[in-house]
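Two complexes, one shared chain (subunit A), two partners (subunit B, subunit C).
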Partner chain A sequence: MEIINALVVFANFVGIPAIAYGSQLALGALGVTLVYGVLRFSNFAHGDTMAFGTMIAVLCTWWMQSVGISFGPLPTALLSLPIAIFATALLLVAIDRMVYRFYRKQKSAPVIYLIVSLGVMFIMNGLVRFIIGPGDQRFFDGQRFIISVREFKALTGLKEGLAIKTTQGLTVVTAVIVVVILFWFLNKTRTGKSMRAFSDNEDLALLSGINPERVVLVTWLIVAALATIAGVLYGLDKSFKPFVYFQLLLPLFASAIVGGLGNPVGAIAGGFVIAFSEVTVTYAWKKVLVYALPDNLEPSSLVQLLTTDYKFAVSFVILVIVLLFRPTGLFRGKAL
Partner chain B sequence: MIKVENLHKHFGGFHAVDGASLEIAEGSITGLIGPNGAGKTTLFNVIAGVHAPTAGRVTLKGEDITGLPPHELFHRGVLRTFQIAHEFSSMTCRENLMMVPSGQSGEKIWNTWFARKKIAEEEEALRAKADEVLEFLTISHLADHKAGQVSGGQKKLLELGRTMMVDAKIVFLDEVGAGVNRTLLNTIGDAIIRLNKERGYTFVVIEHDMDFIGRLCDPVICMAEGKVLAEGTLDEIKANEHVIEAYLGTGLKNKQKGAA
Partner chain C sequence: MKKLLTATAACALMAGAAAAEEIKIGVILGFTGPIESTVAHMGPAADLAIQEVSDSGMLLGGATVTSVHGDTGCIDSAGAVAATERLVTADGVKGIVGGDCSGVTGAMLQNVARPNGIVMISPSATSPGLSTAEDDGLFFRTAPSDARQGQIMAEIMMEQGITSAAVTYTNNDYGKGLADAFAASYEAAGGTITLSAPHEDGKADYSAEIGALASAGGDRLVVAGYVDQGGSGMVRAALDSGAFDTFQFVDGMISAQLIKNFGAEIDGSAGQHPSPSPELAARFAEIAGGNGFEPSTPFAPESYDAAALILLAMQSAGSSDPAVYKEHVMKVANAPGEPIQSGELAKGLEILAAGGDIDYVGGTGVELVGPGEAAGNYREMKVEGGEDVTVRFR
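Right after this comes the complex of A and B.
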C-alpha cells in the first residue's frame, strides 16, 4: 500500500505534469527544429510567435464567451484555434516576405538570420504587449478535471489522490494527433518529402526542380500551426502571460538541441527530457519518500534540489552538458 | 542550343571563368576538358543557375536564361550532375530518384486528400520508373538502402540516374565517370549514347578520361584559366599547340609523333 501511495503521489506531482509540459515543449521545439532544418537558422522569435498565436486565441475566446458560444466541457479556446493559426500564419508569412526573404536573396550567413530573428522577436514582443498588455490572462473555461483528487480517492480507497486536469489530458491528446499528422505529412506526402529533401541537401533539391519559396512558405504555415497550438495548450494549462512565453525560449531551444537541431523525433524526445528534468529537480520529494522508504529513513527536509525559481537553470545545465559531450544532440540533428 | 557569350564569374579578385564563349549544338555530346581549376565546374554552376554570373549571357534556344534559379531551369529541361555526388542522405536510393520529377499532383496539399487515386497512380508510375533506372544502372539491389550509406561510385550512378527520371533537353555531366570502375564506365557511356540517340538528350560532358571523351564526344572544347582554349574534334584538340601546353602535356605529343 505504501509503495502504491508513493507512486500515486509521484504520478500526481511529477509524472502527469511533466508529460503535459513535455508535450507542450515538444510541439514548440518541433517549430524551432523545422525552421532550423529548412531555413537553417535558430529562430529566436519562436517564443513570441507562440505568444502571438495564443493572444489571438485568447481574444477570440473572450469574444465567443461574450456572445455565449461554448464547447461544452472542453475549453472554448479550442474553437478559436483555427482563427489563431490563420492569423499567426499570416503574420509569419508577412514577416518572411518583408524580412527573411531579403536575407535569403543575399544568401546571408546563419548568424545574420539569428540576429534578424532577434529583431523580429522584439517586434512581436512589443506587438503582443501593445494589443493585450503584459499582464496575466486566464482564458480557460469548461470542466476543470477529468478526474479530481476526491473522485480518485473514492474510486481507489487510497490515502493519496491523483488529479488529471482537462488541460493535461487535452494537451497530450492534441500533441499526439498533431505529431501523427506532422510525421505523416513529412514522410508520406510529396510536399513533405520536398521539405525533407530541401532540408537534407538544398543544392540538390533546387536542381531537382523543387521551388525553394514554396518549401519556405509551407514551412512557415506548419510552424504557425505548431506554435499556436503549443502556446494555447500551455496557456490553458497555466495562464497566458507574454513574458512567460518569451522565457520559454530557453527550454524550447534546450529541447530542440538536446534532441538534435533539425530532427523532429529529437525535438519530441528533447521536450520530454527537459520537462521531466525540470519537474523532478524542482519537486519536493519528501512526500514520495515518506511512503517509499522505511520509517526510520524518513527525510526531515523537503528534499527539493532547486526551488522552482531556478527551473530555467535546469534547461541551461542540460544544454551545456549536451553541447559539451554530444553537440549534435541525442538524435544527430541536421536534416528533417 | 545553349549559347554562352563572354561569360565571367569572379570570386573576389579571382577570375574563375574569364570571358568564356561557346555554343552547344542541339543533339550533340560535347566534351569539356581542361586542367584542374580551369573553371569547368564553375561554368556549369553559372549555366545551371547555382551562381549568378559576374557578366555575360546564357541563352537556351535564343531565350535568355542568365541567372535563372536552378528549379526554373529544371522545368525548362536543363539538368546537371555534381562533380562531388550529392544525395538526399536520409532517403533511400529509390526515393532519391522519385524526388526528381516535381510538379505533380501530389505537390498540391489539398490533392493529398481530394485526388488520392490519381496521386497513388502517379506514385506507382514513378516507382516503376525509378526501379527501371536502378535496374539500368545495375544497382537494383540498393533500391532500399539509404543513399547516404552507398559507396562514392554508386552515388555517382545515382547522379546519372536522376537525369534519366525526366525528359531533359540538355544534361550537364560533371565527371560522372570519376571513381566508377571500368566496366561500369562503359555502361554509363552506352547509357549516354542511348539517351542521346533515342531520347534526343543533348549532353555536355566534363571528363579527364580521354578514352571516354574520345568514345562519346564530338566536338570537344578545351578550357584553361577560365577561357576557351580550343574547340574541335578530339584529334584536332590533341594536336593543338595551346592545349598540349596547358593540359595534355608533351608526353602525348611525342607518343603521337611516334605513332605517326
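Right after this comes the complex of A and C.
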C-alpha cells in the first residue's frame, strides 16, 4: 500500500507533468530540427513562431466562444487549429520569400542565417505583442479533468490522489498522432523522401531533379503546423504569454541538440530527456520517499536537489554535458 | 546705499511678520509611473485636506496653506530626489506628503528630508524596511507596514486552529517582507512553517513549485503574491494537483479577480487586507465626494490624513518649523484627546489653538505605533459558497 501511494505521488507530481511537458518540447524541437536538417540553420525565431500560431488560435477561440461554437468536453481551441496553422504557414512562407531566400541565393554561411533568424525573432516578438499584448491570456474551456484528485481518491480509496488534466491527455494523444503522421510522410511519400534526400546531400538532390524551392516550401508548411500545434498545446496546458514562449527557446534547442540536431527521432527523445531532468532534479522527493522507504530511513529534509528557480539551468547543464561528450547528440544528428 | 538696503530689508521682514504666514506643503507622489492611476486620486485627496485647513483660516493665526506637487515616478529614485530637492530648496516647503512607493520614499528621506530637516509623511509606503530606517524623527506613515499584516495573519490563523502551514511568496521585497513578518509572528505563537518558498511571477506553470510545497505539507497554504501574477498560478496548480484545498491570502491576492478565478473551489480559505471600517469609509466618501477624485481608491484617505497630520501638528506646536512640530505628530494622531473625523479639521485646529488635546481619526482611523507608522485597520475575510464574506474588522 505504501509503495502504491509513493507511485501515485510520483505520477501526480513528476510522471504525468513531465510526460505532457516532454511531448510539448518534442513537437517544438521537431520543428527546430527540421529547419536545421533541410535549411541548415538554427532558427531562433521558432519560439516566437509558436507564439504567433498560438495567438491566432487564441483569437479564433475567442471569436468562436463569442458566437457560441464549442467542442463539447474538449477545448474549442482545437477547432481553431487549422486556421492558426494556415495563418502561421502564410507568415513563415512570406518571411522566407522576403528574407531567407535572399541569403539562400547568396549561399550565406550558417552563422549569418542564425543572426538573420534572430532579427526575424525580434520582429515576430513585436508583432505578437502588438496584436495581443504582453499579458497572460487564458483560452482553455471544456472539461478540466479526465480524472481529478477527489475522484481518484474515491475510486481507489488511496490516501494520495492523482489528477490527469484533459490538456495533459490531449497533449500526449495529439503528439503521438502528429509524430506518426510526420514519420509516415518523411519515409513513405515522394515529397518526404525528396526532403530527406535534400537534407542528406543537397548537390546530389539537385542533380536528380529535386526542386529546391518546393522542398523549402513544404518544410516551412510542416514547421508551421508543428510549431502551432506545440504552442497551442502548451498554452492550453499552462497559459499563453508571449515572453514565456520566447523563453521556451532554450529547452527547445536543448532538446533538439541533445537528441542530435537534424534527427527527428532525436528531437523526440531529447524533449523527454530535458522534461524529465527538469522536473526530477527540481522536485522535492520527501513525500515519495516517506512512503517508499522503511520508517527508520525516512528523510527529514525535503530532498530537493535544486530549487525550481534553476529549472533552466538544468537544460543548460545537460546541453553542455552532451556537447562535451557526444557533440552529435544521443542519436547521430545532421541527417534526416 | 547700504543704509537704504538695510532699511528695505528690515521693512520687508516686519511686513512678513505682521501679515499671516504663507505655508507651502509638498505633495510628492508618483504622478507618472506604475501607480499613476492610483496617485491621480491620492494627490487631490492630500490637496483637499490642505484646502480645508487653509479655508478655515485658523492655522497659526490665519496662515494660508498651498500645496506644491512633485513627481517621484514611483520607481525613479534619482528623479524623486531631484523633485524633492527642488521643492525644499526653491519652493521652501515646510512638510512633505510622500513619497508613494517604498524605494523612492527611502531615497527621498535619506537624501533630502534628513539633511534639510523636513518632516515627511508617506501615505502609501508599506515596506517593513522603512520601520527601522534612520529618520531623525522626521518620517511617519499613515499606511501600515507589511510587517503588521504578517502579525494579523498569524493571529487569524492561530484563532482558527491552523498550526502548520506552508508559505509561498512572490520573489520581491513585498512578498519576502510579508513572509518573514508572518513567519516570525506565527512561530512565536506556536505555529510551524513547513516550507517557505518563493515563486517567480509571470511563469506559465507552477506545478514544480507546488510539488515542493506539497512534499513539505501543512494544513493551509499562505499565498503572499499578486492575484494577476504568480499568486493565482500557485493556487491553480495547488488545486489541480490536490496539494492544498484551503489558502490564506494577503492584500495583493484579495480582489474581485480572485473570486472570479476560483469561486467555490477555494471555499474555506481566508485572508486579510488593510481597509478602513465601513463607517470611516462612508464618512470620507461623503466629505471627499465631488472633488474630482474617487474617495474609495486605496491610499486616497491615507493621503488626506498625511496632509492633515502635518498641519495639525504645526498647530499643536504653534510653529511651522519642522524641527519643532515633528515632536507633535504622534501627539495629535493618538489618544488622549477629542476624536477628529475627516472633514472636522477646523474643529481640531480650534481645540489645539485653545490648548486642548485631539486624537485624529480621519479617513483611516489613524493610530501611529512604533516608529510613527499606522497600526492599520484590517478586514478579515473568508471564502464561503464562492463569495467573499467579511468576517470582521480588526
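We adopt the following convention: the second predicted complex is superposed on the first by the 336 of 336 C-alpha atoms of A that agree within 3 Å, B and C clash if a C-alpha of one lies under 4 Å from a C-alpha of the other, contacts with A are read in each partner's own complex, and residues count from 1 in each chain.
Rule of thumb we're sticking to: a contact is a pair of C-beta atoms (placed from the backbone, for glycine too) under 8 Å apart; a residue touches a chain by one contact, two chains touch by 3 or more.
Quick caveat, the model's predicted, so the values are computed rather than measured.
**Student:** On the A-aligned overlay, A:Lys311 touches which partner chain: subunit B = first, subunit C = second, or both, or neither?
**Tutor:** A:Lys311 sits against subunit C, while subunit B stays out of touch.
**Student:** More residues of subunit A are touched by which chain, subunit B or subunit C?
**Tutor:** Of the two chains, more subunit A residues are contacted by C.
**Student:** Touching A:Lys286, do we find subunit B (first), subunit C (second), both, or neither?
**Tutor:** In the superposition, A:Lys286 touches subunit C alone.
**Student:** Is A:Ile147 touching the first partner subunit B, the second partner subunit C, both, or neither of them?
**Tutor:** Neither partner.
**Student:** Under the stated touch criterion, which partner chain does A:Ala163 make contact with: subunit B (first), subunit C (second), both, or neither?
**Tutor:** After superposition on chain A, A:Ala163 lies in contact with subunit C alone.
**Student:** Touch check for A:Asn211: first (subunit B), second (subunit C), both, or neither?
**Tutor:** It touches subunit B, and subunit C stays clear.
**Student:** Would you sort A:Ile83 into first (subunit B), second (subunit C), both or neither based on which partner it touches?
**Tutor:** Neither partner.
**Student:** For subunit A, what residues appear in both contact lists, the one with subunit B and the one with subunit C?
**Tutor:** none
**Student:** Where on subunit C does subunit A make contact in their complex?
**Tutor:** 195, 197-198, 200, 202-205, 207-212, 214-217, 228, 233, 240-242
**Student:** So in the complex, which bits of subunit A are touching subunit B?
**Tutor:** Within the complex, subunit A contacts subunit B at residues 189-191, 193-194, 196-197, 200-201, 203-212, 218, 335-336.
**Student:** Which part of subunit B faces subunit A closely enough to touch in the complex?
**Tutor:** 48-50, 69-71, 74-75, 79-80, 82, 86-91, 95, 99-104, 106-109, 112, 119, 162
**Student:** Can you name the residues of subunit A that touch subunit C in the complex?
**Tutor:** Residues 12-14, 17, 21, 136, 144, 148-150, 161, 163, 165, 234-235, 237-241, 243-244, 278-279, 282-288, 302-304, 307-309, 311 of subunit A touch subunit C in their complex.
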